[in-house]
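Have a look at the structure below before the remarks.
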Amino acid sequence: MKYLGIEPKRLRFAVFEFTGCEGCELQLANKEETLLAFLGAVDVVEFREVSSARNGAYDVALVDGAISRTDEVERLREIRARAKVLVALGSCACFGGVNRMKNACDLDQANREVYGDHPKETLPTRAIHEVVPVDLKIPGCPVSKAEVERIVQHLLFEVPYQFPVYPVCLECKQHFTVCLFDKGQLCLGPITRGGCDAPCPAGGLGCWGCRGKAADANIDEFRSIARERAHGEREIAERLGFFGGFEEHS
Amino acid sequence: MKQLFYPFDISLESEMKEPLDFNRRSRTKDVDRVFRAEITNVIRLTEMEKLFQVRIMDDAERQRFTFLPGQFLMLELPGYGEIPISISSAPTNKGFLELCIRRAGTVTGALHKARRGARVGLRGPFGTHFPMEKMKGNNVLLIAGGLGLAPLRAPIFHVIQNRSDYRNVHIFYGTGSPEQLLFDYQYDEWRRIDDIEMEVIVERPDPNWKGPVGLITKLLDHVEINPRETYAIVCGPPIMFKFVCARLSDLGVPMQRMFVSLERRMHCGMGKCCRCNVGSTFTCMDGPVFDYWSVMNLKEAI
Amino acid sequence: MLFRTLAKPDFKALVERILASTEVIGPKRVGTDRHGRPIHHYLPVESFDEIDLDYETTEFSAKTYFLPYKENLCSYRFQDDDWRQEIRYRIQPRAIIGLHACDIHALIKLDKALARDFFPSPYYISRRKNTFVVGIDHDPCEGGFCRSLGTDTATHGFDLFLTDLGERYFVAIGSDRGFRALSGLPAAEITEQDTEDYLRVRKRIAAGFKTEINVQNLPNLLDIEFESPVWEKWGGKCLSCGSCAMVCPTCYCYGVSERVSMDFASGAKTKQLYSCNLIDFAVVAGGHNFRPNRQTRLKYRYYHQHRGFMEAYDEPKCVGCNRCGRTCLAGINPVEVIRDLQAEDET
Amino acid sequence: MKIDLNVDVHHLTRVEGHGNIHVRVRAGKVEEARWDVVETPRFFEVMLKGKHYTTAGILSARICGICSIGHCLASVRATESAFGLEVPEAAKKLRLLAKHGETLQSHVLHLFFLAAPDFLGAPSVLPLVEKAPEAVKLAVRLKGAGNRLCDAVAGRTTHPVSLQVGGVAVLPPRARLLALRDELERTLPDLAAAADLIAGFDVPRFERETEFVSLRGESEYPFIGGRLVSSDGVARAEHEYREMTNEYAVASSTSKWCRLSRASFAVGPLARFNNNHRLLHAEAKKLAARLGLEPVCHNPFMANVARLVECVHVTHDAIRLLEETAAMGEVKTMADVAPRAGEGVGAVEVPRGILYHHYAYDGDGRIARANCVIPTTQNNANIHHDLPVLAERFAVDGMTDEKLELLCSMLVRSYDPCISCSVH
């Protein structure tokens, strides 16, 4: 599109992964309907998971995964130094993700349990922004490809992108999904940032809060609602702590 | 059953076939159709503001398009979004419309990159207007703060073009600093040719600044106001028009004779999306131009 | 108005005839809530048997079939440096079977705001005119306060309206289209017995209402109690989730956004229903938020329902279905909020 | 002539996760050939401890973004077996459908996006978008079909939501199931075209005899649960998985290693094929014969052919299942769950091989101990032991560092390792 007489920029993208499941990267190859158009709009210059090419300079670095080892810290710093825009892709990169639950354990003990006499180096899990400054955070476990595409378009056209501020409930209602609380389950929908299209409640699973806090989330009221419906403190705290997006509340 | 459910196609309704004219509320049904318009010129005013001259491309549509000072348009950049923008040119100007736009977000950000020849969509005009008819034979105070000069330009042009209808005309304009002044190339013409008293004030002067320094209310200290024969139009941020109107009220100008233009979030311009609802009032339909008395009576208006 | 009676099997035959030619929406049971009560939604059905006309209420209103949660307003094709706008309206006919009186009133209110007033919405009109509406009488639902708002019976706004008389339906015919729908069916002229039975049922229904509130003084009261602590009390609970507006049969606020396809060849302007309870509802450029607090936003929802709409159309926008009250996790419901306001006013 | 060769691959590309290859050939002799996994460990087994059974599947899905459905299924199966729970028939069918969707999308992803560039002489699929657009479009269609199957049944492709302890939380609408069936039927010609493409690949001729471990199908090609079998004749029950895996930690790698009758064994599509080929769909058998895949095949590079054969199998089987599930009407898809103390194992054939989750539960429905054995963990030692033999075999005249590096990389890729998964 050469609309308004502006040729969209051709940005060079690089994709890097750290501690995580690489599901967010996989999303870049998903949404097949638009995959070719997506690849036509950007130059992917480095993406180890799908390409052997490593051609140096890039503008935007998409980083998925959390940071949990010294070599990762080094690698991330290098990427930060080279990238014009550093994007944290997914809940692990934005909040630490599920890996963060590890921080509650004694790491030596954990090491002994898993590796016996061959312990491995490991640091407490950190989100990307706890190590280097981040320009943009795209939460989600996994990220929504539709949202990533929109953000990429905004990057190409250099106009700001506004994340939805409303909670997941709104989209649940718009999909005629029966409220999980009505089925006796716990759901973080009322306090979690929407925009994912609420796939979890639609699939019969409460929201686990992977996109972090909605703007102005009423956590106190949420807690009392959950308690009233016989969800215990432990269940609530575990849920809030799951992806790290409610860190200060779990 | 077949004829029972004979499909109804609204595009075949007679109103839909009439030429699009947003001035005929309730007759217009093709409400989301835009006028295709071309940006004919882009003038950089300041770091943050640009003036866009746009021209409705279809000759018949352009001829039919009329608006009154104070009304606004919904300006659409297909694919980016649609935003309300005051019309900043003379109502009599049939050739093109002028829109003065500050870079604030998605749509305005994209627009600021547009060049001559780019095509945008327009819907409108919408909303109420300044009562220029009623003001005839009176003194007129035109007071603007910052970007408020944009909606004020249409009434200024109206007054200039019908100069003999009005008595003393003052323009008071204030901004933060001298480089934020809009349309500074026009002040001289207004003063010298159009017999308008114009005074400009800034809060933070630079070394070259020779004019007064301070808040806009300061300019009101020296004017002679005959409350019975004066109308005021005040455009700017709420905090500014609140002080100005209070000051004018102290000077005896009735609140029904002061007019302000309110800004709200708008997603339709037609009283449907409810985003601009203030109390029981739709800013897009019952406003954006309100007399100050109504504003005082609107809950949370300012 | 014309009235007929129709034996139940004949009504089934009617629905089956409609089903054969067009999409049919009806109340469908979709599950059970944690208290063991059935949950119903208005959903497309494939056969008459899927429709459960005995439903108490539905979780969502039927407005989505007139005012979809997401709707394309227009699309754009981009080529070179230019674009073309394309607008399409929905003209596929559809029938909704089994709307209650409150929901029909909701449509009448939406008609006023969206089809009759300034700038009639062609999207709404297209859907409304292409939808065949069959209403039905029912015993009062729990918590519903439609009677207080005069929306417990409907005299227009539908094509057919049924009242269950046991073996047969008492049918009010609300349109020429409704009249024609009955042609070819053994619909009988009403007898004195029918009228008597009908009135008896109506009386039973009327006697069944338990929830009543006084809404007469609300427009004034809302103004007087603008700074009332009641808003703090209820607003403090609000999750700003917008569920209430989504399920409400008359809430129609929305937001518009645009997007372009990934190949930059086309774009679309989409409308998404929004809620005045959501935090950014009244944010303007520059970031100023006219309603930054939960309580002001909640207040404005009531303001619009019971005062704003009243000023514009001489009637409140609320129809008293209490769907918002039922859906609200925080337990915010119009009956208690309004009673609180009235109590506040008395002290 | 004496040949010296050096291969040093740091963070091998086009595989999931981080691994390194080192090969030293001096005077035609292999001095060193190693496969090191350097992925950062995540300690899932520790994080699973204390988790409620409703959370276990959700957490363990995050072990791997590519086979999250497999992880989730193994997890809920382990829990169900600990609770002594039987899931409704309908749920079993839906689970298998989700499994098939994952197999299809993962295999296509591997074949076209990760493996094909090697055979077509490209660094990645990206240049192929221009050079071989038809092949890419075909891959995109096939992968899309797999993903849509997952979306419909599991609620999502990556990190499923509907696969829960007790069954499947929602029954997809009939219309959606039938539409998917139609879509899969339309992709059959795409599979045939894919076969033509892969038939043209020059598969390296290399064999090393090894042991193959997989589930053993009784009447169906196995995917979810059942008995365990090895091509060397070992047979065990699902809960005896430890005797099949014999996991141990090694100093050089963050992934563990496994062994059975020999120093190492292999799992994955080739193992499944070698142990269960007779249960494949007739069309899949035909394709295997056409592409020269015969049991017992000891050429690891042939795993790519086995993948395509499995794609054909799961597509046909999914069409059958979609018809059956669409005809079910409104049936129960969730069993009532009553947690109890106990242990359970879930074995699931994920795209890269057999996966085990093993949980011990306390009386409150919380996990006391967890153990997960990942396919790539089981393959790592085998990859490691393949490398010297491969280097030996190809350390001949005309071999260069680059060529050997490519061969070694292709060998590792043929296992489609999922490294972050193996270091969970």
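Here the chain labels run A, B, C and D in written order, and each chain numbers its own residues starting at 1.
Just so we're on the same page, a contact is a pair of C-beta atoms (placed from the backbone, for glycine too) under 8 Å apart; a residue touches a chain by one contact, two chains touch by 3 or more.
As the structure is a computational prediction, the values presented were derived from the model and not from experiment.
Undergrad: Among the remaining chains, which ones contact both chain C and chain D?
TA: A
Undergrad: Determine, using the mean of C-alpha atoms as each chain's centre, which chain is farthest from chain A.
TA: Most remote chain from chain A, centroid-wise, comes out as B.
Undergrad: Count the C-beta pairs in contact for A-C and for A-B, then report the pair with the higher count.
TA: Pair with more contacting C-beta pairs, A-C versus A-B: A-C.
Undergrad: Could you state the distance in Å from the CA-based centre of chain B to that of chain D?
TA: The separation of the two C-alpha centroids amounts to 64 Å.
Undergrad: Using mean CA coordinates as chain centres, what's the gap between chain B and chain C in Å?
TA: 37
Undergrad: Using Cα averages as centroids, what's the distance between chain A and chain B in whole Å?
TA: Roughly 43 Å separates the two chain centres.
Undergrad: Could you say which residues in chain D touch two or more other chains, in rising order?
TA: Within chain D, no residue touches at least two other chains.
Undergrad: Where in chain C do residues touch at least two different other chains?
TA: Touching at least two other chains: 78, 81, 83, 259-260.
Undergrad: Where in chain A do residues touch two or more other chains at once?
TA: Residues 1, 3-5, 40.
Undergrad: By the document's touch definition, which label belongs to this structure's chain graph: line, ring, star, complete, or other?
TA: other
Undergrad: Provide the full list of chain pairs in touch.
TA: Applying the touch criterion to every chain pair yields A-B, A-C, A-D, B-C.
Undergrad: Per the contact definition, I'd like the list of chain C residues that touch chain A in the complex.
TA: 30-31, 33-34, 39, 41, 43, 59-60, 64, 69-70, 78, 80-81, 83, 236-243, 246-247, 259-265, 272-273, 275, 278-280, 294, 327, 329-330
Undergrad: Per the contact definition, I'd like the list of chain C residues that touch chain B in the complex.
TA: 17-18, 20-22, 73-74, 76, 78, 81-83, 85, 87, 89, 91-93, 95, 113-114, 117-122, 125-126, 129-130, 132, 177, 180-181, 223, 226, 252-260, 267, 269, 271, 274, 276, 281-286, 290-291, 296, 300, 303-304, 307-308, 310-312
Undergrad: Write out the stretch or stretches of chain A touching chain C in their complex.
TA: Where chain A meets chain C, its residues are 1-5, 8, 34, 37-38, 40-41, 149-150, 153, 165-167, 169-170, 172-174, 176, 178-179, 181-184, 189-191, 214-218, 221-222, 225.
Undergrad: Write out the stretch or stretches of chain D touching chain A in their complex.
TA: My answer: residues 11, 13-17, 40-43, 45-47, 51-52, 55, 58-59, 62-66, 68, 109, 113-114, 117, 123-126, 129, 133, 136-137, 140-141, 143-144, 147, 154-162, 164, 169-170, 249-251, 254, 256, 420-421.
Undergrad: Where on chain A is chain D touching in the complex?
TA: Touching chain D: residues 17-27, 29-30, 32-33, 35-36, 39-40, 44, 47-53, 68-69, 72, 97-99, 101-102, 105, 107, 110-111, 113-118, 120, 122, 141-142, 199-200, 202-205, 208, 235, 238, 242 of chain A.
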